[in-house]
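The data blocks that follow each hold one structure.
Shared chain: chain A. Partners: chain B in the first complex, chain C in the second.
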Partner chain A sequence: MIEVRELRREFKVATSKGLRRRYKTVTAVDDVTFGVEAGEAVGYVGPNGAGKSTTIKMLTGILVPTSGHVRVNGVDPSRQRRDLARRIGVVFGQRSQLWWDLPLRDSFDLLRSIYRVPAADHRDRLDECVELLGLRGFLATPVRQLSLGQRMRGEITAALLHAPELLVLDEPTIGLDLESKERLREFLADINARRGTTLLLTTHDLDDIERLCPRLMVIDHGRVLADGPLDELRAEVTPERELVIDLREPGPPPDVPGVTAVRSEANGLRHHLTFRRVETTAAQLITRVVSRVEVHDLAVVEPQIDDVIRKLYQRQAGQARASVES
Partner chain B sequence: MLAGMTTNVVFGLLRVAVLAAALRAANGEIADYDIAATNTFVWIGQGLLGFVLLWGTNELAERVRSGDVVVDLYRPWHLQSALLAQDAGRAGFAFLTRLAPPMVFGMALFPFQFPATALQWPLFLLSAVLALVVSFAFRFLIDVSAFWLLDNRGLYGFWNITSGVLCGLTVPVAFFPDWARDVLWLTPFPALLQAPIDVFLGHGSAPGILLYQVFWAAAMLGLGHLALQRAVRRVVVQGG
Partner chain C sequence: MADLVYARLVGARLRSQLVYRASFTIDFLTQIIAQCTELVVILVLFDRIDALGGFTRDEVVLMYAFAGAAFGVADLFAGQLDNLPTYIRTGSFDVLLMRPLGTLPQIMCTDIRLRRIGRIAGALGAMGYALAHVTVEWTPAKVVLAVLTPVAGAVIFSAVWVVACSVCFWIVEGREFANAVTYGGNSFTSYPINVYSRPLRWLMAFVVPGAFVAYYPSLTLLGKQDPLGFPGWTGWTSPLVAVLAAGVAGLVWRFAVRHYRGTGS
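Moving on, here comes the complex of A and B:
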């Protein structure tokens, strides 16, 4: 579905003002290579300025690459932008493709004409979205009067009415409340599973990834830091898990082999212990701990996806430093 | 809508008064314009102003500035054609609300020079539509300049100031010195307003004027198309 090889995009940035401007070249995307198969759901994450949006603009043909090879759906996006536009859907969390003053339904009608969708197909797809996203209550409301959550549901519908094979979502859940987010994720997971629509989404909300994307790509400074199933990445960068125990009486952390005490709270009532999952299982550990001290409560904490990604950034920074020093 | 209509009429009254005073000072006629022709010139001009939308909204340029133009570029359409279609729709509404009222107002209350032949009415309509296309093409070019300038408000302001004088809104192009008049008719400006007025008044040859408008409509649209194509190749979408 997507094929990217050594993709690169540089920008010229003025470094001085005045008549004789000096420019420096900034590389936003630095020889990125990856592929996405039809039907996959891929999360594309990275800090602000990492090159996510630049990549997406090149994938959708808005931006011409400085060098490298891109194929989406078999076509070169920047040369065949209009052909491609008919076959992909794009949703921006921070922009709108709906008509501000028109009722949602009229926006959809306009899109039907723009994409030349047969009336019957349009009706079926619209009905499905109306049902699953619960749009019925505000189809006749002008877009400017919709809440953000309602509008985003409208945006997603708008992007799906021409049955795109690939749906690109740029921070689709930004600013939404928890319930709206969850509803959107559920819907996206459903169309990915049922219709086989390929999803590529950028986000800062890692729950989106956890919930939707079996595969995660992490980018920073224009380079891909990691690419693979979320579980594998988690195991790779954070091989340690955490066990939190609350003691009945305040005391020192129990001394158990294979366990490191990281910190104590509440005057020694609560202790955070870490252990390596390849060496010990949580069950073995709990048995040992419980045999030594009197435990009130305990919990095993999986590393949060934020931690995973933070570790990935740090690893990259560490490697960069190492290569400078050597 | 009502505000626009009222403004058009009030400014029409002002302009009629000023031009009538000028005519009186010049013994009743300047370059083919007697008092009836002058009134007609003013009231049609006031109507066409809103119809061709000489001073537009700069909307596309704002979208370029904010980066929202990506949404327009993601659509499987030819952006210029889509916007022209949109403008034609707007003009259809403006025909009823902006073009007709000042004309009717002028016809009813002032000495008015009606077309000498019935054929001039449809020719006038055709010419007005061509003027609309040229006006759109001008506005589109100014909008597209935002891809390079980012902030095209300076250019836009310059357009607002000069276009009225050059297209025959302030005074008829015929009032200019001969050399300036001839030079102006080599530019697309009179195609915006003076051309349909001349067709209505029967000044000059109608087919010649229409051909002149067709030429500039095509040329300006073509220029806009090329400019957009280049802009899109070098576009750097702002933000996010």
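Moving on, here comes the complex of A and C:
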């Protein structure tokens, strides 16, 4: 579905404010290579300015790459922008493609004309979205009067009416409340599973990834730092998990084999025991702990996805330092 | 089929504007008044003098009316290009690029300024008056020319607008420059061009083909010799100049958008 090889994009940025302008070249996307198969759901994450949006703009044909090879749906996006536009859907969380002053329904009608969708197909698809996203209550409301959550549901419907094989979402959940976020995620997971629509989404909300994307790509400074299933990345980057135990009576932490670090709080009532997932299983550790102390409650804590990504950034920075020093 | 899309986009835009009825009415009236103010300037001027560059009051009013109608129609369709810097800054331009349509027709259709109709109405009124008062030896060809002139003029003005606003792809605040050319062009074309100094005349008549909006067609209609020595048939070439100008504008726009996608943010 997406094929990207050594994709590169440079920008010229003015550096001096004097009369004589100087330009320096900034590389926003630096020889990125990846592929996405039809039906996949891929999360594309990275800090602000990492190159996510630039990549997306090149995939959708808005920007022309400086160099490298891109094919989306077998089409070169920058050369065949309009052909591609008919076959992919794009949602930008922070800009709207709806008609601000018109009822939501009118935007859908206009998009039907723009994308030349047969009336019957249009009706079916719209009905489905109306049903699943709960649009019925505000189809007749002008877009400017919609809440952000309602508008985002409208935006996603707008991007799906021409039945794209690929849906690209740039921060679709930004600014939404928890319930709206959850509703969107559920819907996206559903169309991915049922219709086989390929999803590529950028986000800062890692719950989006956890819920939606079996595969995660992490980008920073224009380079892909990691690419793989979330679970594998987690195991590779953060090999440690934590067992949290609450004791019946305050006491010192139990001394059990397999624990690599201990942190105690609440005057010894609660202890955080760190262990390595490859060496010790949670079950082993729990058996050892409960045989030594009286445990009131316990929980196994997986590292948060933010921790995974933070570790990836740190590792990258470390490597960069090492390569400078050598 | 594609044309129908644009018609529907225009329809949507009209409905959007009618949402704000009071604002629309006020704008509409303001535009008529603005257009008439310029007419008053001409009338006051002719209170003091009998002829301007060899043209009588009503003849100048005719030029003014042609220019006004052309500018009004161009403003209706192309005026919103003034907002191009906003489109670029807010990323709305990227939304246009995501759709399977050309960017220029999208901007023109989705952002029509309906209130500009006030300006056109004012100009048409003046045109009716002027045509009734100047002496024209009417032939079928001249009738066609009189009808085509505002249309060709609108195309020429729109082309100028597109080219001038394309600057915004390089200089984000290029709007001042663009306005100088477009609104300045309107004032220029409202008067006989032989009243201007030579460099300005050449610039505004042939680089920006403003003289073909009103001046030369009016000469032909009135059966007058060009004081500058251009042949009598020059007035008939306005539609041709319009087609040429539109072609050039299309190329410039394409080049500008290519530049944006090559180095845009």
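Heads up, the rule we're going with is that the second predicted complex is superposed on the first by the 324 of 326 C-alpha atoms of A that agree within 3 Å, B and C clash if a C-alpha of one lies under 4 Å from a C-alpha of the other, contacts with A are read in each partner's own complex, and residues count from 1 in each chain.
To be clear about the criterion, a contact is a pair of C-beta atoms (placed from the backbone, for glycine too) under 8 Å apart; a residue touches a chain by one contact, two chains touch by 3 or more.
Model, not experiment: these values are computed from the prediction.
Once chain A is used to superpose the two complexes, chain B occupies space that clashes with chain C.
By the document's definition of touching, both partners, chain B and chain C, reach A:63.
Judged by the touch definition given at the top, the superposed model places A:295 against neither chain B nor chain C. When the two structures are aligned on the shared chain, A:269 is found in touch with neither chain B nor chain C. Put chain B and chain C next to each other and count what each touches on chain A; the higher total goes to C. Using the contact criterion defined above for the overlaid structures, shared-chain residue A:86 touches chain B and also reaches chain C.
When both complexes are overlaid on chain A, the residue A:95 reaches chain B and chain C alike. Shared-chain residue A:244: touches no atom of chain B or chain C.
Taken together, the two complexes place residues 11, 57, 60, 62-64, 81-83, 85-86, 90, 92, 94-97, 114-115 of chain A in contact with chain B and also with chain C.
Residue ranges of chain B in contact with chain A, taken from their complex: 67-68, 70-71, 73-78, 82, 232-237, 240. Listing the residues of chain A that touch chain B in their complex gives 11, 53, 57, 60, 62-64, 81-83, 85-86, 90, 92, 94-97, 114-115, 170-171.
Looking at the complex, you find that chain C touches chain A at residues 1, 4-5, 8-9, 12, 15-17, 19-20, 90-92, 94-95, 97-101, 110, 258, 261-265.
If you check the complex, the residues on chain A that touch chain C are 11-12, 57, 60-64, 78, 81-83, 85-86, 90, 92, 94-97, 99-102, 106, 109-110, 113-116, 142.
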